[in-house]
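Before any comments, here is the structure.
Order of writing sets the labels: A, B, C, D, E and F. Residues in every chain begin at 1.
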Amino acid sequence: MCLGIPGRIVAIADADALLATVDVSGVRRDVDVTCVAEPGAPLEDLLGRWTLVHVGFAMSLIDEDEAKATLAILAEIGEADAELAAFATEVE
Amino acid sequence: MTTPFHDRDTGQRLLARIGEKLHALGATERAPIRLMEVCGGHTHAIFRHGLAGVMPPGMEFLHGPGCPVCVLPMGRIDDCVAIAEDPRVILATFGDAMRVPGSRKSLLQAKADGADIRMVYSPLDALTLARRNPDREVVFFGLGFETTMPSTALTVLRAEREGIANFSLFCNHITITPTIKAVLDSPGMAVDGFIGPGHVSMVIGLRPYRFIAERYDRPLVVAGFEPLDVLQSVWMLLDQIGRGVALIENQYGRIVPEDGNPQAQAAIAEVFETRAFFEWRGLGSIDESGVAIRDRYARFDAERRFAVRSPTVADPDGCRCGDVLKGGIKPWQCGLFGGACTPETPVGALMVSSEGACAAHHQYGGLRKGAA
Amino acid sequence: MTVLPLRPPRRVRHETVTLAHGGGGSAMRDLVEDVFVSAFAVHEEGQPLEDQARLSLAELMARGDRLAFTTDSFVVDPLEFAGGDIGKLAVCGTVNDLAVGGAVPVALSCAVVIEEGMAVATLRRIAASIARTAREAGVRVVTGDTKVVARGACDKLFITTSGVGVIRTGLDLGIARARPGDVVLINGPLGDHGAAIMAARGELAVSAPVASDCAPLNGLIGALLDAAPGTRLIRDATRGGLAAVLNEMAEASNIGVRVAESAIPIRPEVRGFCDLLGLDPLYLGNEGVAVAVVPPEQADAALAALRAHPLGVLAAAIGTATAERPGRVVMDTPFGGTRIVDMLVGDPLPRIC
Amino acid sequence: MTVLPLRPPRRVRHETVTLAHGGGGSAMRDLVEDVFVSAFAVHEEGQPLEDQARLSLAELMARGDRLAFTTDSFVVDPLEFAGGDIGKLAVCGTVNDLAVGGAVPVALSCAVVIEEGMAVATLRRIAASIARTAREAGVRVVTGDTKVVARGACDKLFITTSGVGVIRTGLDLGIARARPGDVVLINGPLGDHGAAIMAARGELAVSAPVASDCAPLNGLIGALLDAAPGTRLIRDATRGGLAAVLNEMAEASNIGVRVAESAIPIRPEVRGFCDLLGLDPLYLGNEGVAVAVVPPEQADAALAALRAHPLGVLAAAIGTATAERPGRVVMDTPFGGTRIVDMLVGDPLPRIC
Amino acid sequence: MTTPFHDRDTGQRLLARIGEKLHALGATERAPIRLMEVCGGHTHAIFRHGLAGVMPPGMEFLHGPGCPVCVLPMGRIDDCVAIAEDPRVILATFGDAMRVPGSRKSLLQAKADGADIRMVYSPLDALTLARRNPDREVVFFGLGFETTMPSTALTVLRAEREGIANFSLFCNHITITPTIKAVLDSPGMAVDGFIGPGHVSMVIGLRPYRFIAERYDRPLVVAGFEPLDVLQSVWMLLDQIGRGVALIENQYGRIVPEDGNPQAQAAIAEVFETRAFFEWRGLGSIDESGVAIRDRYARFDAERRFAVRSPTVADPDGCRCGDVLKGGIKPWQCGLFGGACTPETPVGALMVSSEGACAAHHQYGGLRKGAA
Amino acid sequence: MCLGIPGRIVAIADADALLATVDVSGVRRDVDVTCVAEPGAPLEDLLGRWTLVHVGFAMSLIDEDEAKATLAILAEIGEADAELAAFATEVE
């Protein structure tokens, strides 16, 4: 029900109606981009952006920096503790 | 965009770290740390990826009330069936809602009996149906938490802008926080922390969860839906528990902004207002837990156009959905589980959607706990 | 007394089908002879149609020792879609149901129910597709039937094909024959047909670069059986998808089935389609996917034979039969977890076959 | 690890059919196994269903030298009527299309297309009728298929049966085999089925004490062939009525056909029905009427054999094949005149088969 | 009630007497007495019973314009198709009318293309359809001579009595005598006498035919439809011709009262009024040859409710229906007969109903005269 | 189109609505009897009468005396002339 899928905005389908075409692995559908359009800015700014699509609406622009950051933290959690563990092993 | 969050090696390392934390906390299979995922999407992901099975001992997932299909009371389904049976009406709905049992019948049965019911992917598609069938009344069965509210609100606004008179919304939207509060307030509550709903949060932000930390002293981590998202959130919760703190944290920063989505919030505020109370399946009536359409958009309100009555209908005998929803019992502890109540013949709503705890257990987890 | 000329060759004289074309009179004969008989060449040139086709039993006996007999109705909407149409589907479906029993398909019947108002041009295209697919599969359409029903009494066109074939002496394929240790193979990616049909219906307003996998599998299966004569069972994974086949097999053979999610071929666009709509490709219907269970010592040969065939280039070994958890299908997730794969719980998906 | 119990026997758990029953999942298996498989006993007790039935060719060879194969779809409205129902019709129609070729019917397939909302109780009655009629005709329903379509996509229920049978060595019946001098026989009165169905529909607000003649004719035809082994051809006079059969035969055999109106048995109530509605019983469909053409020297024996059978007590010799007017059917009227009997010109009569 | 009129022996004797009369009149195959049956019912009976074939030489049946389906002009079919294509409408019609070609399509094709068209046995059944489908407009396609007029008139009166608002009549009724007059007035007219329409006469009586005897000096015998009825009428006509008289006689006294049926006439007069003119296929426009619904019953008049235009549509190229109708040529003398025009693909209306001369010839008589 | 079939009135289906049941060789249908009902007389008088039915309306009551008379004339035509012919033969 709360299913959200990342897709890339590949075309503006109807600028007046705030509809853009999103591509998910080659599958396309027009979605409402009201929630992710920068008020005042041209819709074309969205082209190429990744967005999270929920029931035909783009609900969030994916923050790629944040994604990288999260992955970095993930790696860190694993490694940090792993080092710790390695360290612990060494100490033992 | 999702594959890095599936990486198996990173997952193995994370699981090792989770195991260490659990060990440090003294958690065991008989006295585990209990983390509740509030959102049905997480329930689905946990079963879909077999995450419960790979968890180190001492960690237990409690499957919370976060499937909006599952908590819909029978009376609302009955109303919806009644609307659909009006020969003028085309009822448009998400597929998930089709098999939820009402007291007389489900929408699937109503359709078989002649009601014109169409499955749609988006409320926008319901609006398209209205445009294409000007001589019919198209009613969209809107349900869902805050994730879905903006889409129906924006659809109503679109209908108004285009002057589409034969479209209306049967509004069954509910809000997430009263649910969590109901869980926290239930007697014998044993939740050590919450995996917070990622997509609800992308709309509402983090602020609404503060009471959980502040008033109930429980941590909540807003989480994504990929395997590593869930594992990282578990780790973050265990970390808080280990540190003795209760904070609202965000694991899902790539999607969820601190303050949510302002356009989405504005659309919700424009179209909807809080109801005094709303009936939940298994949880009873909860104050200010649902929204209704504002007077300003009354003509798009199916509830008014079709004089819906919404009687309170008691849950069927033996149905323990409420207890499951609140984490009080596991699905298989319900006497109906796997017998009278199966995904083909659901008695309770938790057996319908693959986001429902009972259906997920039945479908992905085997009939008994041991098989999961 | 004047000798009257015999009738001229029959031609349909309308652009659309009316109820008169189903009344058993001359309009019906025109339709049947012009559209169907001429396309299928069901009878020898100049020979009249009988109420039944006749096949030499001696010729059948020369090919094997058992007659295989099967039937399927096709009610797909839309009638034409990327990768095929209802006619191609109707031939492939029945050819495949024969082939998965180890039979060499010999002859098909073809019964159509037509809604009045159907364009004769569409019927001609579909009849041509039936004929072409039958040729490709090496079978003949030898008998048929035509009914016309009132508008609203059927959805454009339904086709029911039945087929007879001959099972080679010595072969014994059966859903109950899987044994622990056997290897489960499939010849290609899942879900193409289901996704193509759902996209083609247009209701979801989704465009997907996916074509149905609809194909006659008798050639592929013949090659497989040559390479792995010990094959236990073959099934085509149609309605209910791979999940249905694996569950039926687990139940009937009283074995467990353990498959690896990462081994199952699925096209990225089909996965995208499923992600977007919340579907599981394990439950999507296929019309060109065969699932075969072979004894472990013949698995390599079987897989090689599949991969050597044009319809099996993406063939894969996806799992094994186990002694554990008989009747259950368990999937190892890429993440190291496991999940149960149950039968589809009747989701009302669009009609796809 | 717990060993899970196998599934309990399958039962449909709803009173009406929904789309879920056609989805290929467990609801579909419940329906198929509970309603159809249990009624038809298509498989040996405890044996799982395969995608195709299997028949021993050796056993078939023991009964004759050719396999007969035929198919028909049944779309009758209403489903149940005086004298039968769509299930009985579907068995008789295909059994008869085998029998008129001189074949002993052996096995049937049965494919159903069900409209969602259909009462399961009705389906059960029809499945029981199929089973009963098949038993009566001495054939087995060995394979089948079930599709469920959305409301409005079909009219309640369509059934397509196909059949295989064996033609006795030496027999050669064919629509082109009539020769001048041959005698045309029918086994019983015309129009009962057509009149019964039209009356049953209720639209004409006419009540008629007429029951469909729907019956398996294989026994009768077997007796006829024993008595008149030189029989040229047999046809069942279904859609298009007697007129269609006589015209097809005249055309295919390149003979004239001359029949006597007064010799053709028609029940008074069917005649009354036709008079009232302006119909001609020659064009009404039948489901238990066989037309046989026999050489003159075997005509008496053939007629006696028909009359000795319960389905032939009103059998009659109705005319002869002539060398004159090849391709034409001429009827002598009781008044001494003659008229041409042409094919039906597609009148949109209610659907009757 | 009908069998005695089928007696073959009596028939043989009658035929012998007819032969004697023809002989006495000096009629031969090349110079026959020509009797026209006005009513399509007689045309049907003549072919159905093979009566033309048993006639002694010197007698020829001319098949007249008395099939109301056959004389309906294309423009009226086009109107009817247009009404039927209105999505609100259920068009109810007798089966005979379904295959008559309009300039765009027949009703059968319109039905295949989606129009809701139902075959009924009686106008009463159309009224039943209206009762059962209160949300639809049920239009009855009323056509026929005076035989059928009372039934539609009484149905309109019944609709009024019951207050059935969604029923209307598309009135195409025509009167018999102008047709006969058109035949009599046509150049080269060669009819020696008329077999009068039995069932029309049971409604209108014998009086309306007087002008045929008085002004045109031709005999007419109102005849029944059984074989002996037809033969007796032929004998009566030959007898008049032999006696050199031209009278209106009644062979069908068991059914036809001298003055017709007063209740039927009253119903016609109440509901219908004469039109200034009506278009006939093949015969052009004939003054006062049709009836329309009176203003008083305007709300049951489909012509007014659906703003019917009734353009004059020329008969198709090569179509010689008019000449056949007037007895000018035999069906097989039309260049289209049996080629472009067959019962399956009728070009002219005479090829549609089994009461039409061309269809009767094609179906019962063989393709060429010699085959009959 | 002008098809008329004799049937026997066997029941009054709805006296107020002037509907009676007609039987044609066992086939029954309710028909409108407005045109054959004697104004003022009870509808039951029609029971057992033969009537000519056209498109669901009883259009004429069959006059059985007239029917007999016609048959008598038919016989007479045949015979009278036959006698004449016989006479003529005798004279020759």
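As a working rule, a contact is a pair of C-beta atoms (placed from the backbone, for glycine too) under 8 Å apart; a residue touches a chain by one contact, two chains touch by 3 or more.
Owing to the predicted nature of the structure, the values given are computational and were not obtained by experimental measurement.
Counting hops only between chains that touch, chain A reaches chain F in a minimum of 3. The most distant chain from chain F is A, comparing centres defined as mean Cα coordinates.
Across the two candidate interfaces, E-F and B-D, the one carrying more C-beta contacts is E-F. Centres computed as Cα averages put chain A at a distance of 63 Å from chain D.
Chain centres here are Cα means. That of chain C falls 55 Å from that of chain E.
Chain E has its Cα centroid 78 Å from the Cα centroid of chain A. For this pair, chain D with chain E, the centres built from the Cα atoms lie 39 Å apart. In chain B, the residues touching two or more other chains are 99, 108, 111, 121-122, 124-125, 344, 366, 371. With touch defined as above, residues shared between interfaces to two or more other chains in chain A number as follows: 3, 29.
Residue positions of chain C touching 2 or more other chains, listed in rising order: 1, 4, 18-20, 25-27, 150, 204-206, 278, 325, 328, 342, 345-348. Pairs of chains in mutual contact: A-B, A-C, B-C, B-D, C-D, C-E, D-E, D-F, E-F.
Residues 203-206, 277-278, 325, 328, 332-340, 342, 345-348 of chain D touch chain E in their complex.
Every residue of chain A that touches chain B in the complex is listed here, in rising order: 1-4, 6, 17, 29, 31-32, 34-37, 39, 50, 52, 54-57, 59-60, 62-64, 66-67, 69-71, 73-75, 77-79, 81-82, 85. Chain E meets chain C in the complex at residues 99, 108-109, 111-114, 344-345, 366-368, 370-371. Residues 199, 204-209, 268-269, 271-273, 275-276, 278 of chain C touch chain A in their complex. Across the complex, chain A meets chain C through its residues 3, 5, 7, 24-30, 53.
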